[in-house]
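Chain nomenclature is as follows: A, B, C and D, assigned in order of appearance, with residue numbering initiated at 1 for each chain independently.
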Amino acid sequence: MSAIEIKIGNRTEPVEIIEIKGNKIRISLGIKEFCLDLVKVEDNIYSILLEGKSYDIEVAATKKKNVYSVRYINNAYNVEIVDAELRYYQNRLKSAGLSEENIISCPMPGKVVRVMVNEGDSVDTGDVVIVVSAMKMESEYKSGKTGKIKEVLVGEGDIIDANMPLIVLE
Amino acid sequence: MSAIEIKIGNRTEPVEIIEIKGNKIRISLGIKEFCLDLVKVEDNIYSILLEGKSYDIEVAATKKKNVYSVRYINNAYNVEIVDAELRYYQNRLKSAGLSEENIISCPMPGKVVRVMVNEGDSVDTGDVVIVVSAMKMESEYKSGKTGKIKEVLVGEGDIIDANMPLIVLE
Amino acid sequence: MISKILIANRGEIAVRIMRSCKEMGIETVAVFSDADRKSLHVRYADEAIHIGSSPSTESYLVKEKIINAANSTGSDAIHPGYGFLSENAEFADLVRKEGIIFIGPSSDSIRMMGDKISARRIMTKADVPVVPGTRKKIDDDIKALKVIKRIGYPVMIKASAGGGGKGMRLVYKESESLDALKSARSEAIDAFGDDSVYIEKYLSKPHHIEFQILADRHGNVIHLYERECSIQRRHQKIVEETPSPIMTPELRQEMGEKAIAAARSVNYEGAGTIEFLVDENLNYYFLEMNTRLQVEHPITERVTGVDLVKEQIRIASGEKLAYEQADIFQDGHAIECRIYAEDPENNFMPSPGLIRKITEPMGFGVRTDGYVYEGYEIPIYYDPMISKLITWGRTRDEAIIRMLRSLEEYYIMGIRTSIDFLKRIMENPEFINGQYDTHFIDTHKEKLFCPSEDIAGTEDLAMIVAFMEYLEDAKIKKNGLPPQSFSNWKMRNRKRNISRQ
Amino acid sequence: MISKILIANRGEIAVRIMRSCKEMGIETVAVFSDADRKSLHVRYADEAIHIGSSPSTESYLVKEKIINAANSTGSDAIHPGYGFLSENAEFADLVRKEGIIFIGPSSDSIRMMGDKISARRIMTKADVPVVPGTRKKIDDDIKALKVIKRIGYPVMIKASAGGGGKGMRLVYKESESLDALKSARSEAIDAFGDDSVYIEKYLSKPHHIEFQILADRHGNVIHLYERECSIQRRHQKIVEETPSPIMTPELRQEMGEKAIAAARSVNYEGAGTIEFLVDENLNYYFLEMNTRLQVEHPITERVTGVDLVKEQIRIASGEKLAYEQADIFQDGHAIECRIYAEDPENNFMPSPGLIRKITEPMGFGVRTDGYVYEGYEIPIYYDPMISKLITWGRTRDEAIIRMLRSLEEYYIMGIRTSIDFLKRIMENPEFINGQYDTHFIDTHKEKLFCPSEDIAGTEDLAMIVAFMEYLEDAKIKKNGLPPQSFSNWKMRNRKRNISRQ
């Protein structure tokens, strides 16, 4: 049974709650231990008092499993919670050839203007595969690797959600 | 199987949805029929277009079963939805002697300052039975009928919620 | 220069002070009671210190706890806001004894102005008119009756140590005098442990008009014009405006000068307010001085452009005033409405509770200073004021109509508020004409307390909306099982579809 | 007087116009596309009419649909806002042919100012300086090269029918001239079906400074001073301020007079803006006239106190201007920041989507004009601007620091916004010193596009908060079954309790 880990960029830390008493929380993160007064004041906003300092921190789930977007004033983070389920899920995706680098998606909602490839086409790293427009601006999305197009999931004129898989590479 | 009725004050009207197509709703209320473009725009806020006019209407559940508080600009209403379940519930309360006029409560949260009666005391209509304070102001609550105190549910110094039963008459 | 300020207050005013601190690059420390862990002032501050349980007598009013919090956080100044310890001379002394800057006047100024009889004496000396009456405490009833006769009816008998309407009696004719005197005394001794009273001319249609002043410790005193605060409920202001609709340029200049004289007479330092009563004939009388920031200070900020909290901090740092009297103009007209969590139709009963939704008004000429947010539960322990709405217009008419528009945009769900009541004030013809005195609410109570007329058809829509919400609730509760009327509709529709085929 | 206005626009500007209508007692009609049923302008209006599917070419840009909506609702006037049909002369004509008031200038004025070459000609005649260059369309390449030589390098070749940067070429030396000319022409014919170009002196460090004017149909024209709009990304303004930090009283008066002359020369009526380019030596040149309300109009409103939308409506009603030039002063300093739904670090890619949470800044000197609310989903079809934040200060420094404070209070969750980017502009030393031109964003891109430094320790707290949210999500999803780490904690605690007993 592996513990839960928290990941920001390349930093990964095991986390464990040591004690909870009302708002007061003792928690270990890597080798550090924190004693916090932590309370959820609004949906998506936590107020933390740590050694007297007051922090108002926003957090929201993203469309990616176990990934939270966290912001404090000017600092924004994507935080991933790595638990047993996520490890299993990521392994499964990998073994199905569906690891993230094989999927081309767009971080914003929009409308598909042009699909530049067909299933079976070969593409090189940097080839533009799809053009999406939103708010009167077009953006091009490129292949992150050299390979073959396995599946094209959208057509021209389709309205797409943010982070929706659009094109799958082999 | 009795139909659902809507009640504001002394007015009661049967209601029935005739048709729903997306936002467009045909609904009958008493002898009238309405054709509305209705959409929930926020938690607790509906936007209605009726014959071109735009209405932004707030609604919130209250602590009373099936009673909603509705507001449109300067007009506020308490609307009760009378369905089979509510009828059954009200009948049961009545047969248990717990109809509303037997319960003394306070519409706001606060702190009990003084309880003026004990169980078994006789009270007349208008007798002050309990004093509650909130925000540095004290309010007196009176008996709405002549009768005997059946139960005192709170004590001095207690923090109470809005509309919580405080004293029950026989 | 001050680098860290502890704000010895909560809610709206604490947040408002912190905003100015932030703009000056000064760190802020909040204090909070048990009930206030989630209050916006705790969230907004750089630091926050817990100082006790919820009743203010165990937290915000405990001088030592606040001073300890200031010391433990290395704060070099304390801003008391309004209310709580803001006019407590002993607190000011204690703070300064610790080597901490008290952002406010000297304790001597607070004391001199805090006692009504001493304040009257000082004002008379400074040639500031006071309401005709005695200056000294009167113990002898016969003497009192003589004084009453000399002043002329109607008169007001007031407890020397008084406040909040206790130990006050209004007397219209001689036959009532002695009884009134005795009952005022007995109430006063019960309430304040002191039965001395003083007697004043009673003004039948008074205006409450006050002048904002700023004074530095280098002898410079300026005023920032008047605020008309005659719209009051239970002796509490609810609407204020500047300029006053009854003011003339001559009177403004004269009263401004008297306000400066009043401040000088107690060697005042900081921001303060001289309150006057003004009668129908524009005679004005000193009422009292508030030796602190006022709730209604934003209307002065709006027409003069001066950030009063910043000035308080600069003055407390020992700086000279950056403005001379000639630099200060009144530009346009500003009105403030105080939004209370209360039920005006129900004798202004407080209405604390959970804020389900709040939408604040926006646009040109609109300012809101509040502290509640969606999901916040207003505690039962403190003042019911949740925000202040300030509008500005080039003219008074524009400020009023903008206020009305803003009040209509203001949505607060979950509690009762004074918003609708304030709308009715803004729509009142005598308010619109600027013809009102401190009796306004009483005089117009029939119109002000009766709910507005139904907008045609809204009752039907209210029924429908409640029904739709009920259907949605039912869907959620019953895990998708539609309630009766809904299934009727489905069945009917199905039948139609069948017959159409 | 106008009693009902249809607003032929959406979002922020539609709501802003309705606010003024409401204050004037004028009824409002919104129009909306499929994507905009939930948009605030539909909710805020008295009436709302559906006019087509989501793309603006099928709704907001279809003249007939808008005119039909006005007729069917009995609207006596149409306000076009900015963008969409606001500068479409044909639309103005069609509206007026229907007997409906078009709130804007005559179609002739729109046409004269809409064509750049005709505008230059008219300005020259009116003695308003234009950027040195040709006035006529040039077809002959040899002639063009002569003109270029005469003006002197660098020069800009521009398509006569152009816009949006298409058909534009900057030329620094003679050897590049002919190629640039040919490619500008070919781009122009592709984009606009017209290959004629004109040639202008290129200003290397230009300021974009514009003057707001108001003109009635009785021959009265006033200006409401300048706006400095040099902070631009992709030729779009993102920060504007007034007064301009480079302006002198003499230049202001001179340019104001030229702006009035420009408006007079096309018999202008309504609110309009004369845009100038100003070089390092304070030479100024007419750039173009916007014959409509500008996005950045609120900063002018704040320093002059004039509600520009109300004036537009009064002028369109045939009223005389209520102000003379001498009534208009600049009081203090105002700045506007445009809040876009976009990702500045990612080439300003648009970021439509669901607003999970929004907290708008409040307090003294702060105005927000927006239209999004919690639960609203910004459509993909329209402009990414979601709100405008305007701050005022007695001084420029105060306005800047107040803007910074307000941007820090501004929380928008669910989408990416330009808020952090705008903060970095407000903190940039050259912006603070007022030393910037239209190249500001490019010049400072290293600093502006690099995310702010970590506040010490926040990464740890971010990890913890994400973990707490994860635990809560897990609790909700699994119906109370706590996830692993949580149960570990419980077990550990249980053990401790046991050992303590």
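The rule we apply is simple: contacts are C-beta pairs under 8 Å (C-beta built on N, C-alpha and C of every residue); 3 or more make two chains touch, one makes a residue touch a chain.
Keep in mind that what you see is a predicted model, and the values were worked out from it rather than measured.
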Contacts common to chain A and chain B (chain labels): C, D
Contact-richer chain pair [B-C vs B-D]: B-C
Inter-chain centre distance, chain C versus chain D - centres from mean C-alpha coordinates, in Å: 38
Centre-of-Cα separation between chain D and chain A, whole angstrom: 32
Chain centre separation (chain B, chain D; CA means) in Å: 48
Where chain D touches two or more other chains, by residue: 373-374, 408
Sequence positions of chain A contacting 2 or more other chains: 42-43
Set of all touching chain pairs, with the criterion as stated earlier: A-C, A-D, B-C, B-D, C-D
Parts of chain D lying in touch with chain B, wherever the complex brings them together: 30, 37-38, 42-49, 72-73, 373-376
Complex contacts: residues of chain C adjacent to chain B: 341-343, 346, 348-353, 356-357, 380-384, 408, 411, 413-414, 420, 423, 451-452, 454-455, 457-470, 472-473, 483-486, 488-489, 492-493
Footprint of chain C on chain B - complex, ascending: 1, 3-4, 6, 8, 11, 13, 15-20, 25, 27, 29, 32, 34, 36, 38, 40, 42-46, 48, 50, 55, 57-61, 66, 68, 70-77, 79, 81, 83-84, 107-111, 133-137, 139, 159, 162
Chain D-facing residues of chain B, complex: 23, 37, 39, 41-43, 47, 49, 52-54, 56
Touching residues (chain side chain C, partner chain D) in the complex: 16, 19-20, 22-23, 298, 301-302, 305-307, 331-332, 359-360, 362-370, 373-374, 394, 398, 401-402, 405, 408
